[in-house]
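Consider the two complexes below, in which subunit A is the common component and subunit B and subunit C are the respective partners.
Coming up: the complex of A and B.
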């Protein structure tokens, strides 16, 4: 990643991102837009781990899903406010991330990925077994409530803009993490782990922090989802969700800032417009993915960036 | 007596699935010396480095640093004690600029390396020192070039600058001049001589004129065992050393 982006370009990038997000609910259904944002945040969280720490997790749905359920429980049963419910969900996801990280980081490569998948299956099993999750039906009727006691999120525009504000804040935090002293060490570890060790870095502790941050942010996406969509289902903790987010991140371009969001937008849009084709959607999505990955290894955004830097 | 030994191994053995790569080597590195480790390919020199820096666990034997047992210490901790290694293949962080590479070494003592909320700009307080270190190896003009794009000789120079940023007490250099052109070899040899002042250097080197020029003590390894030890004149006169070198491509 070369610093070809000037301050102006970064400002323009953020400005267009904000403009796009503000215009979105007037162009498409707010629920559709919220779904995209939630998934984009989820994929960006995964990308922090995959693209910048070089760790492939196949269990990220566990963080998304557990946070969604816990947020739902807090809002519906315990009567917590929106923010506190979400914070509780995020805290649970972060704690879960710590456990996953401590266990999975003992191994690397494909074994690391398999351990995350295995642990996520344990979480899935627990969610199915626990009575308060509603089993096959999921947790329904999660109240949106009032933000800070006065802003009624029952209104779908208000809910959309709240979702968008959280997305932007989280997106900013991910950018900051990548471009921080910690991010520098993370990049060094990804590029040459033995060298980082020889410079005195306890690389496992850095990877663990990256894992917990990624889990917490995936949890934030789940919490947001629970409030915005007002339900949490088994689909949120299922392994398919973990696989799908890896796919979308690769499609958009891992290790790029906008890649995961672009990947999500592509897949969700495609699924939306092809919905009438029924189960063929999965086949078409799969085929598109295979073709894209074979032709454009770096993903959509990665390829565009490579093209631009070759020109300059 | 042992206090002037900065690094010592006692009967260190390393087996890889039954294959003995290092067989009962006892090495004594004196504080302030430049100690050469030479021997034919496959003699176990890199493995010795891996054992000394704890990148590989020993099968048997003891490793002492300043007289303290470090045989079971994690590798990053050994590095923080001041025993820092370079790698046989050049080890740089390819997508980071030369300046950022050196800064990675400088930033750990700053204590902000876990701060994911701080801007990387906060590291710019280290830039002056990083540039000075780059200038030491003639890289000042390439500070903003990604390390991956540097030519091989320059990468090795950058690796050295990064290592020196830690101000190591003991420097372990694995073939610092390997793959370099004649000019670069001379430059790196001069640099090693310069940085060796006030430090201890243990180096693996195939270029015997560099070894003759720099090293106070030389240990010759062959098939995992010490074949000879002494000054360059002593070991080069040793018939078994000559035989080992003629017997295989040095």
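Coming up: the complex of A and C.
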């Protein structure tokens, strides 16, 4: 495979990403910026699975939502600190990912998607039934607390930069994973599974590991969301959320590092400015889905990359 | 006790009839076109809404709606196949799923915009009002009608597909469409008609459901989740399998509602997980 980006370009990319992130809260509302970051992390986690391992999970909201609820419970009821609450949320999401993975990876392709969807529905109904989740109202008033005991996250700017730091760290981890030998094996499985098997790779283990990693990262996004937004709602575990994140990833370009984040930025911005249109947002979202699938399957970033590599 | 149990089982049987009709359509479409029709729930809702709108605005009664509504829904299916799905052939079949998911959002969003969240009741047709007293329980006529007709349509479809020349073409197309085309069968048209038929079944189920459930824009999206689970449990291997699994899952759900109501929403998905552990290909599926 030919490398499109040189080392210098990668450095420039990171530099501009950091600069953009630092400038963002001074240009737009910090809450809006945090929402974008959290969803970008969520979509990047999905992309690790969808774009690089070729597995379409239609149940990723289960990881986002369960981590958000558990983090909220830990911070609010158990009185855990910020980092410990988030770690608890991530651990639950990862454990859930292991269960989902063990079951869903018994089938592939379309069935895999439907099984993840079904299992996510179980999580949804469990959240609805459990007494501590607040049912339809969701979990409200999650405290932000103090990071490491002294940095007060009650301030929007402090909270934003904490969110941004976690995002960058996770984003770096995802990028490293993709570039690692592990990521190469995942791509090999996506391209030609029988060949990967015949080369001696334990394909199921690789897929399972990728699934758990993706679930944990989605959980990290959920934990961060719970702390940043101070609530967890049923919307975060509902299947619509799972569909939405697939759309965002597809829109930005699955299998590209920046694609999911670009897709999230576009969709969240659109939803923010079109919120007054009510149910038209659903119609527009669906129409975007249709147009992307019909005409721009590589997504925004994917199309730009294709254009650049054709020119050079 | 007996009354409560048989009441829940009847409810389960009715839900099961709808699962059977819907999973049958999904299985036929998937078998030939290799597309998981995520819009199936929206098309079911469309069927119900067309019946309701026909009665509301044009005075078209239940019986005509039962005929016309599936035809209209099927016709929209033909257009969807011709305009969208045909162009996705040969690509990864995930794109078909994503496309139909987008279409479902568009259809549901439009109806949500036009009619809001609340449900509209649809009257039971005159001929089917009232019911039978079976001694241990009361059986409303309309519910008996739903079960009988759904089973009839399902078994009829099974018969056509397994025992007639048209069905033989369909099965041949499922096995190897290119070879079938080489024999002079117009496979693209067959694909279009098959999708139209599967979708019309969903529309038919929608009309049947209108007098039982409230007609709402989101009535299909919660149902389709369960139907997907039914499809995983049964496996897409056989037509008869999807009918049997649909009814069976409905009954299991009804029974659970009697024993432990809180678990009724989840039991289907738990069943799905158990089946996956024991028989990954589904109860009636073939492991490839």
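Keep this in mind: the second predicted complex is superposed on the first by the 310 of 312 C-alpha atoms of A that agree within 3 Å, B and C clash if a C-alpha of one lies under 4 Å from a C-alpha of the other, contacts with A are read in each partner's own complex, and residues count from 1 in each chain.
To be clear about the criterion, contacts are C-beta pairs under 8 Å (C-beta built on N, C-alpha and C of every residue); 3 or more make two chains touch, one makes a residue touch a chain.
What you see is a predicted model, and the numbers here were worked out from it, not measured in a lab.
Once subunit A is used to superpose the two complexes, subunit B occupies space next to subunit C without a clash. Contacts of A:179 after superposition on the shared chain: subunit B is touched, whereas subunit C is not.
When the two structures are aligned on the shared chain, A:16 is found in touch with neither subunit B nor subunit C.
Of the two partner chains, neither subunit B nor subunit C is touched by A:140. Put simply, the three-chain overlay gives an angle of 80° at subunit A, taking C-alpha centres for subunit B and subunit C and rounding to the nearest 10. In the superposition on chain A, A:121 contacts subunit C only, with no contact to subunit B. Partner contacting the larger number of subunit A residues, of subunit B and subunit C: C. Legend: residue contacts after superposition of the two complexes on their common chain; A:198 is shown touching subunit B, with no touch to subunit C.
Of the two partner chains, subunit B is the only one that A:209 touches; subunit C does not reach it. Contacts of A:290 after superposition: subunit C is touched, whereas subunit B is not reached. Superposition on the common chain A brings subunit B within a closest Cα-Cα distance of 10 Å of subunit C.
Under the contact criterion defined above, no residue of subunit A touches both subunit B in one complex and subunit C in the other. Residues 1-2, 173, 176-177, 179-185, 187-188, 191-192, 194-203, 205-206, 209, 213 of subunit A are the ones that touch subunit B when the two sit in their complex.
Those residues of subunit C lying in contact with subunit A across their complex are 30, 36, 84, 87-88, 91, 93-95, 97-99, 101-110, 112-113, 225, 228-229, 231-232, 262, 265-266, 268-270, 272-273, 276-277, 280-281. The touching residues of subunit B, counted against subunit A in their complex, run 53, 55, 74-77, 79-80, 84-87, 91-96, 100, 103-105, 107-108, 110, 112-120, 122-123, 146, 162, 166.
Chain contact summary for the complex, subunit A toward subunit C: residues 56, 103-104, 106-107, 109-111, 113-115, 117-119, 121-122, 125-126, 129, 239, 243, 246-247, 250, 278-290, 292-294, 297.
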